[in-house]
Structure formats: structure tokens, C-alpha cells
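Handing you this structure, nothing more for now.
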Amino acid sequence: EESTKATAAGGSTLEKTKINIGTIPVVDTAPLQIAMEKGLFKAEGLDVALTTLAGGAEAIPKLKSGALDISFGNYVSFFSADAKGVIDLKIVSDGFQSAKGTHTIMVAKDSPIQTVADLKGKTIAVNTKRNISTMLIRAAAKANNFDLDEDKNFVEFPFPEMEGVLKAGKADAIQPVEPFGTFIGQSIGARVIWDTSQGPTADFPIAGYAATSEFAKANPNTVAAFQRAMGKAMALAADRANVVAIIPKYTTIKADAAASLAIGGFPTTLNATRLQRVADTMHEYGLLDETLNVQDLIAAPSSK
Amino acid sequence: MSQADTATHDDTSRHARPPGRAGTAVRGVLVGAFSRFWLAIVLIAAWEVATRIIQESYFPPPSKIVVAMHELWFSGPASRLFLTQDALDDFGHSLYNLFGGWVLACLVGVAIGIALGLSRKLADYIEPMIHFGRAIPPPTLISFYIAAFQLGTPMQVATIVSGVIWPVLLNTIDGVRTVEQLHLDSAEVFGVRGIRRLMWIVIPAAAPKIVAGLRISLGLALILMILSELIGSTVGIGSLLIGAQRSFELPQMWAGIVILGVLGYLLNAVFVAVEKRALRWHLSSRGAI
Amino acid sequence: MLEIANLTHTYGSGEKAHRAIGGLELSVAEGELLCIVGPSGCGKSTLLRSIAGLIKPTGGTIEVSGVPVRQTPDNLAVVFQDYSRSLFPWMSVGDNVALPLRRRNMDRKQRMAAAQEALEQVDLPAAASKYPFELSGGMQQRVAIARALAYRPALMLMDEPFGSVDAQTREDLEDLVLQVRERHQMTIVLITHDIDESVYVGDRVVVLSKSPSRVVGDLRVNLPGPRNQITTRENPEFVRLRAEVGRLVRGVEPALAS
Amino acid sequence: MNRTRVIRGVIGVCAAMALAEMVVRLGIVDSEVVPPISVVLLRSVTLAGDPVFLAGVADTVLAWLVGLVLAVVVAVVVGVVLGSVPWLSTPSRIVVEFLRPIPSVALIPLAILLFTSETEMKISLILYAACWPILLNTLYALQDVDPVAKDAMRSFGFGPLAVLWRVSLPSAAPFVATGVRVSAGIALVVVVSAELLSGGSSGLGVFLINAGSSGGNTDVMLAGAIWAGVLGLIVNALLVRVERGAFRWHFARTERTAA
Amino acid sequence: MLEIANLTHTYGSGEKAHRAIGGLELSVAEGELLCIVGPSGCGKSTLLRSIAGLIKPTGGTIEVSGVPVRQTPDNLAVVFQDYSRSLFPWMSVGDNVALPLRRRNMDRKQRMAAAQEALEQVDLPAAASKYPFELSGGMQQRVAIARALAYRPALMLMDEPFGSVDAQTREDLEDLVLQVRERHQMTIVLITHDIDESVYVGDRVVVLSKSPSRVVGDLRVNLPGPRNQITTRENPEFVRLRAEVGRLVRGVEPALAS
């Protein structure tokens, strides 16, 4: 059996072949699913088990306790957990970055709100406060010369509820991600008033894969094997057709619907400079007390 | 608190302490306080030591939690009893919803519980829905709540009510159903019927069990207060607690947990004091006062 | 006043069925004081509960003042055999006695006064503010009697009402019942195990057989009134009746296996 | 007797369904946000044919049962100790009252950290949330035991343990059982909520997260709610049946005139 | 066997204090059957509970077999005045009677046999499998008696044990107690309101004053044994004693205000 072999394609010995990876059933994790489907992990000698996460925050205790070896998660959560000394992380692979249409601000069809400037003093529904969503919207507001208050202007709702929130008028605007943005646009004619993937937050790194430093240090070959597999998967995901094909297999999104989605970028390399943008923006909006040197958090892929 | 009170307040001894002089009274209070608080003190000390040894950021030592609580809520001006604006916002909002929800749930729960306890037939029709309803996890009903209630207080009160009504309801049904048959018979033969029977016989007889339900639901109400602030909310202790948890401000999260515990303790203390008055007959006939 | 025809009652069903009353016929006239005696477990309490409308007998009819008993007849009072459990522990003794008076157009003050008067009649002048559990067994029983007396019902059912009081108090209570009956024109059905008592207080004594119970003896007591604890009990008619009731009771009872 | 009861229950359920359907159809609640109950019911029926869903439900139920049983044991034992050892009960009351209002939601990350196994994590949360109603009902019921019955036992020279075991516990049992039924509902709510809020690899809540990945999942969520409700109903019925068997004396006494 | 010296008991404290027993002296010899009579509420049940170690009297000492009573003395059985509440509703009648026998090295079969025997002695041969609430008042009282008898205690305390049974059964039970006492060398303290009964079954009759109670009369009953319901009651000594006890009781009782 391939999976029981302790030697990866690279020739070095894997410290650990069975690994648990935390994931979320969203478009962002398409490469991970591609890697599973195409047997890319197997080819590296890895036996991967996936665990569903409800959101990013509980990845941290799960990584800490060893329930997960590697987890998908958004950078804002990863960086703030690390900066607060809650966990010592290493990013092992980039995951997903925004692109046109992936992160938008939407309002109801007949809403008087036309531009970002109209959001002043309004309530915006986001998935999680003090996180990437609010940061992107606040950046948009700042570009329009006003401030949105983290506490006063945002309410939390799960993405699946945002359509209802908008319909019932429980918030003035919403910040959905794909596929919800596209679906809400289609089903109730909600309008996009701003695409956050522009200006200072264009092609913004959203999420990646992390392990504890401890794990990365103790299992360098396993991490490298993971990185190689993910690298290939990311490359495959660059072809939109591959992503559209895999989406119906791990989410409940239908094939034809998948074809209409906006799909973000899947960077094939792990680049500290790019990720540093996230840390700096977090600092700017008060999500980090001090600047964070992202380079220290990168488990650089072994040069092969 | 009078001296006799201290002696018999919580313990089950049937013999009141003989009265003494002022000195002994002070000592009595001290001894009473010690007998009540020693375990809490020991546990807090153990907690402090243990957390300092394991150095786990998810388990900050109590001293750090106290600092976080102070910064969050108790570093305000003296004119506001040292409460910060955040404290006023958080506590005010949360407690308002808490009491609103709890009182509403108690009234509705006791009323329906009595009706179902009295009428087997009515209970047959309605009870299945009750057991169905109380097993539904609130997060699965978010969309319903969004559609049905205004954000903020209405939605939160609805969440609290839908969570805490069940213990009141079930305990009330049980209490009413198990009223001593001979008490009902006595009422019946003396023509004590209808509302009189309800007020003078059924409710007092079921009171100990109803009260147990009210007390369970008071603790539960605090929990649902937190749940209700999970979505669509901007202020409140729960909002803060969950926010702190998500942004890894763990001492703040613990501050939220501890303040809930303290609130729970205080609410319960008030509750027990009221209960002691209301159920005097019951407690003293059982040798508990 | 009270007409009972072919009354039967069976507890439970199937194999565990127990026939407590088996075709009982009885009628009580207005203002009469009827004593019922019979062996333990013969169905006396069952009969009483049926009259009070607390259980639905499985057969036969009961009419009170010409109205078939479906629920508890109006203007009825019962002193239960299990007196201690029939008092409401959450009320003071005074409130216990005053509670039924809420049905009589009386304000609180009148009710409390009536309760106090009844308590004094049963020699418990200082008990009103106590709770039932603070009283002795016999005192609780007297509270139950006071509650029934204060209510001044048209029909009073008493199940072994003097079982827990001492001899002297018992005699006094017997006289009290006679007196109250006289003054307020009550009809009284009194269950007792004391044969002397049944003859002393009764206008009529009915003897029941063991269960399924039927009437095996029905004696009219022709003693001159007002009765008196000493002279009445010395009356030859009293002695004769008492012997006869004794014989009837003995006739239906099996001796204990000892 | 039993059949009429079932029939009445079914009538009650149907009436409630009809009412729920009407509320949506008449637009009292926005039908675009909440699908009508008929749609939800249909959805929940199709769910029953989904093996992944069933496996998830099985995992949830397992954690639930284990958690509930542990909660019963812990709460009754603690209740008995606190109810009968004054020097311990007085000071521990503070601790109990302090712990009781802490929501399991707040404890999820801590539980995740402490219990590597997902099932253990869920069980620990259930245990925490479900023990309070049982504990309080136990305390109240122990206080409610007829002193004459206890005296009768003591008078034969039985010690405190025998009095506890033979008198206090049997007499308290029916009300403790009511507490268990309260807790069963709470435990189910907690386990599904925990799954929804923390994810995992299997469970009813996890299934719902996955199902929600495409949006427009309101009917799945509500179908999940229906299944949770049905589970609650089933367990309640089972518990009632057990109670009726175990406390025949109790029900026979209280239902004499209930007819 | 039983030595009581200067016993006092006060319920409550402060204003609500009630002195139930006020300096009571009493001693009971091994194998003696002592009857206690006294007005309702005088403190008889309180005395009995003190002997059984169920309440801690506020003053004085009680010794059973030379050992001061702190908790319940060994080898004791009590028939409570409130018999219906002293039975355990969750157990069948047989289990109720058999329960105390767990303290005697007996296996289940022996216990059930002993219970059945005791139930037969009180004329309830078919009650073992029933629940207490399925029995009549008098039957429940007999179950409580059977429970105490089956236990064969060295000291038996009975509080008004025959209050709810009919005359015939009462006599049979009186004889049963005498017989059991004889056969098993028990010491018995029996509270009763029936003066005849106290003289008929007692070796000694103690009369208590009203509360705070003290001993106001202590009579030795010198009647020839074995006693017999007919001949004993005709014995002139019986008649004399009964009159004397009656006088003593009457002397301490106030007449009812009627």
C-alpha cells in the first residue's frame, strides 16, 4: 500500500504519514479537495483525513491540542492568535486570495444606498466581527474618507442567513463571500455597491494552511510533502475548469451554479511579502497591537 | 443579618444557636462567612497555582482575569461606582434582556404548566409538541428568528424565552400533577373550586417544584442571554465574550465567564432569599430552616 | 336527603380487581345522624367518598337532596380518616379552617372570627396562627373537625373523626356534634369503630358486612334526648342496642388468626 | 387509554403543523425567509434517506446518550452529597451557583483544547450543561422527603446511608426523573449547537454546516431542527415509559382521579 | 430497660416557644408493658420520639438498657401515630414489612416469609403484593403494626396503634400484642386514648398531665394472666383500675368550651 510507505516521492522519510487537516466546505478550499481527489497527498505518502470546521477560530485550540495537524484558516485569525501568544504558528501553505467578485458589499435591490459613502452610520452584516470582513469594509470606508465603528456598525450573521437578513431588512448591507454573493444577487437581485478586491485590498490574501511551530519543526518532511502536494493542487486550481468541476463534489453547490461563481486566486507560492500586507492592514485597523513580522511565521518550503 | 439568621441561614441544623453578646455575634458572622467561603477561596487559590504552572494561554490565572475585568468594566469614574461606559452598556443591555426573557418565560411557563398539569386531556394534545420544541437547538432556527423578530431586544428575549421556558414548564406540570390527592379532595368537598382552588391549593402545593424549575431556568437564562447575543447583536456580555473568544483576547473571554458566574451567584442569592420567605411552611416542616 | 340504591364499587380491573362495595341500599332522612360501623377494610371510606362525589362508583345510584351525585354536592363537608394529610401544610391552622368559608359571603374578618370560634369549640383556642405540622395528631384531627363545623354544611360526612383524641375530649366532641346538629339542622353520616359511640350519637346505626359490603343491620336508636354521657350510657335501651350492634358486627367478622 | 393518548398527540402535532404552515402562507412570517413547514417536512424526509446524515445522527445520539448518563450519575451523586453533608454543602453552593450560569458555548474552545477526541469534547460539554437541572431537582426532591417516612426508617436503627438509599432516593426519584427529562432536552440542544459552532468530522450539526455551504440552506437547517425535535420526542417517550415502569406507585397514586 | 430522668422538651424558641414536656421521670422494667394515657397534645408522641432518638430533647436524660440515647437505640421498633405516612409508598406492603428485617441476618426468602406471617397475624393474609395506597386506613395501620411485630424488637414503641380499626379487630390486636410480648420477651410502651385498653393490656398505666407534661399517675395493674377479653374486663380489679385511671385523666383535662 502506498499510504503505509513511510517514504515520500521526495525520497526523504516522513515523520508522520497520517495527518488530520481542518477544512471548511467553501470555494476557498477547492485545491485541498483537488489534492484529495487526484491522490496528490497519497502520491506523497500522506494519509489525510479531513475535519469540518465551523469557522476559523476553533482551528487554534484544535491545532494546539493535536486534534488537527494542519488547518485551513484565515490569516487574520492566524496572525492575531500568534501575536497574542495564544499559539505559535507556522503557515505551511498559502490558500486563497480575493479577486473580483469574491468579497463584495451588497445591498437590497431597492435600497437607497448606492455607494460606499452611503454606508456611513449604517448597519452591515458580516460573518465575524474583528476579522477579515470588517477589515475589508473599513478599508473601503477609509478610501471614501469616513470611519465605521467595529462595534456599532456591524452585526454578526452566518453567511447562509445573509439573504434573509437583507430581505427582512435586518441590516442595511451585507458582506457575503462566494458562493453566497452570486446566489443572493441571483435570487433577490441584491446589488453590489463595492468590490473590496480593489485599491489597497486588491488581490488580498485571505486564507492559508497552518500548523503549530512544534509540528512543523518535528515533522519537516511531512510538511514538505504537504507543501508539494498543495503546490500541485494550487497549480491545477489555476484552471477555473478544475475548480468548477470539484466544487459540486464537496459542497452542495450544483454544477451549473458553480460555473457562475466568482472564484479567487490560489497562489502557488508562499510569499512573506504578500502576506505582510495582511499583518500591516490588521495593525492599521487595530486588530494587531504591534506590527508582526510575517517572515517569522512562514515555514518556507524546502527548496527542492 | 441577624445572628440567628447566620446560624440557621444555610445549614440544616435544627437547633438555633443560643443568643450571645456583641463579640460573639461578630465572631458568629465571621465563622459563618468562613464556613461559606472557604471552599471558594481554596479553589481560586488552587486555580491560580495550577494556571501559573501550566502556563496555558487558554487558561489565564485568576489574577489576570481580575485585571482584565477591571480594565473592561471597573475602571470608570467614582461617580459611576467605578463602572465604565462599556460596563453600563454591556450589563444594562444583557440584564435587561435577561430579566425580560426570564420573567416572561416564567409567567408563560407556569401558566401553561398549570393548565397542562390540571387537564390530562389538554396535555395529551399539547405535550408532544413541547417535547418536540424543547429539543430544537436555537442555532437551527436563526432564519426563523430573523424573519419573525426585530433585531436586538425582541429577538434576544425571544431566544431566551424559547430556551428557559422548558424547565419551568416541565417542573410545573410535574408539581401540579403530583399534588396530594387528599388535598384536592378536601378542596373539592368544601367547594373550593376554580380560581380559588388554583390560588389556594394547587399553586402552593406545587410551589416547591415550580420554584425548583424557576431556579434552574434562572441559570439557564444567563446561558441563553449569551447565546442570544451570538448573532445580530452589538453590545452585551455575550457579544463581548464571543468576540473576545474569536479574537483570542482570552483574559477578556474569561472576564466574561467570571462575570457570568458572579451574576449567577448574586441572582441565585436573591432568589433563595425570596424563596425562603415564600416557602417557609415547606422548609420549616422539613426541618430545613 | 340521601338515597343510595344498589351501590357497587370495584377497584382496579382484571385480575387485580377488588370489589369493595357490593349492592348497598341506604337512605338517610333530613336532619338524621346516621352512624356506620363495619369491619376494617369493608368499604366505609369508599362509600363516603362516593357520596362526596370524589370517586365514581362502578354501579348504582346516589342521590343527595334528590339530585344524582355526579360531582361533589353543594353544601357538603367531610372529615377525612387521613386527617393529617387533608390539612393544607402551607396554611396556618386558622387559614385552613377559614378557607372553605370563602364560599359563604363573608369578609376576611368574619371568616377569621368564625374559624376562631370553631377552633375554640374543639378546644384549640390558641392554635390559629400555628402550622399543622406544629400540632399533635389529635390536635390536627380536631382542626379537621373544626374546619367542617365552621363551614356549617347541610350534609356532613365524618370518617372516624374522633380516632386520635383522648377519652375525655372524645366525649366532649361527641356532645359538640350533637349540639351543632341540633342547632344547625345538619344531616350527618358518621363512620366509627366505637360501638358505644355509634349508639350514643346516632339516631340510627347501620352495620356493614365485610367487603364486598352490604347492609347487614339497620337499627333505630330510640333514646331520649338530649343525650348525656352518664345517664344515656346507663339507659337499659342503650345497653341493649350496644349489645345488639356488637352482635351484628361480630357476626360478620372473622376472628384474627393468631 | 394509551391509544387515545397517541391519537390526541398526533392531532396536536397536526394542528401545530397546520398553524405553522398558515403563519408562513398568510405572510405573518416572511415566506421568502422561512420556507413553509410542508417544504421543510419534505426536506426532512429526504434527509432520512441520506446515509451521511444518518451516520451523523448516530454520532450525535451516541455522544448525547453517554453525556446524559454521565450527567445523571454525577448530578445525583453530587446532589446527594450536597443534600446531606452540611459542612460541604454550604461552601460548595457558591461554587455550584458560580459554575451553573457559564454557557457551554463559552467553554467550547477550552473543551476542544482539553479533549483531543471530538466525541469526548462533546460529551464533556453535555455533561457540563445537563447536570444542573438534575442536580437542582435532586436537591429539592431530597428536601421534600416526608420526615415521617425517614423517621420510620431511622427508628428501626438504619443508618443515614440506608435511609438515603431506601427512603430519600426512592421518594425523590420521580422528581429527579423530571430533571433528567429536562436535561435530555438541554443535552440535545447543547450537542447539536456545539457541532454547529465548532464543527467536527461527523454529527447532525456537522452535516448541517456542510449542507449550508451552498447558501439557501434554510430548509435544511429547519429540517435538522425537525429531526432534533423528533429525537427529543422519542427520547422523552422512552424516558416516560421507563419512569412509568419504575415509579408505578407514584403514577398510580397521582392518576387515580386524573381520568 | 428504660430510664427517663427530668426530661424536658421545648419546640421552637423565643416567642413561639412551646414547652411540650416539663420534667418527666419514668422508668420501665425489662419485659414490662407500659401504657401511657394523657390528654391530646400533652406530649406523648414527643416523649416517644425522644425515646426513639428521633428528636433531641432540650433537657434531661434517657437511657435504654443503660446506654444514653443519642441516636436510635438498637433493637427498637416504632408504630407511628401517623401510620399512613410512615409506610413507604414505593414499596409493596410485603416489602414494607420485610424491609427492617434486612438488619436481621435473613435472606430474602426468610424475610418474605416472616413478613407474610406478620401480615397474617394482623389479618391481612392477601395484602403482601398490594401497595399501601390500595389499602383502607385501618389496613394500613395494621401493616404498620405488622412491620413492627415482624422485626421482633427488644423495645417496641406504639403510638395509638389501634386507633383506626374496628372494635373486634382492636380486641384481637390487643391480644396479639400480649401474646407476642409473652413469646418474645419484649418491652413495650404503648400510647392509647382508650382507658379500658390501657388497663387491659398494661402491666402499668402512666397518666400524663397536659403539656408541659409530667407524670400525674402511675398505677400497677395486678390482673391475673393470661388476660381474656371477657373475663378480665369483668374482673372487679379491672373495673376499679379503669375508674381510677379515668379519674386521673379527667383530673388533668379541662372541659371543652362548647
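Per-chain residue numbering starts at 1, and chain names A, B, C, D and E are given in the order in which the chains are listed.
We take it that a contact is a pair of C-beta atoms (placed from the backbone, for glycine too) under 8 Å apart; a residue touches a chain by one contact, two chains touch by 3 or more.
In this text the structure is predicted, and so the values were computed from the model without any measurement.
Separation of chain A from chain E in touch steps, taking the shortest path, is 2. Of all chain pairs in this entry, the one linked by the most C-beta contacts is B-D.
The mean-CA centres of chain C and chain D are about 48 angstrom from one another, to the nearest whole unit.
Mean C-alpha position of chain A lies 84 Å from that of chain C. Annotation for chain B: residues touching 2 or more other chains are 58, 142-143, 146-147, 230, 245, 282, 285. Shown for chain E are the residues that touch two or more other chains, namely 82, 85. Among the residues of chain A, those in touch with two or more other chains are 55, 57, 60-61, 64, 158, 164, 168.
Put simply, chain D touches chain A in their complex at residues 30, 32-34, 108-110, 112-118, 195-201, 206, 209-218, 221.
Put simply, chain B touches chain C in their complex at residues 180, 182-183, 185-186, 188-192, 196, 200-201, 204-205, 207, 281-282, 284-285.
Here chain C touches chain B in the complex through residues 49, 52-54, 71-72, 74-78, 80, 82, 85-91, 99-100, 102-103, 131, 133, 147, 151, 157, going by the rule given at the top. Chain contact summary for the complex, chain E toward chain C: residues 11-12, 18, 37-46, 81-82, 84-85, 120-123, 125, 134-139, 142, 159-160, 163-170, 172-173, 175-176, 179, 193-195, 246, 249-250, 253-258. Those residues of chain A whose C-beta lies close enough to touch chain B in the complex are 55, 57, 60-61, 64, 77, 80-81, 84-87, 125, 128-131, 151-152, 154-158, 161, 164-165, 168, 170-171, 287.
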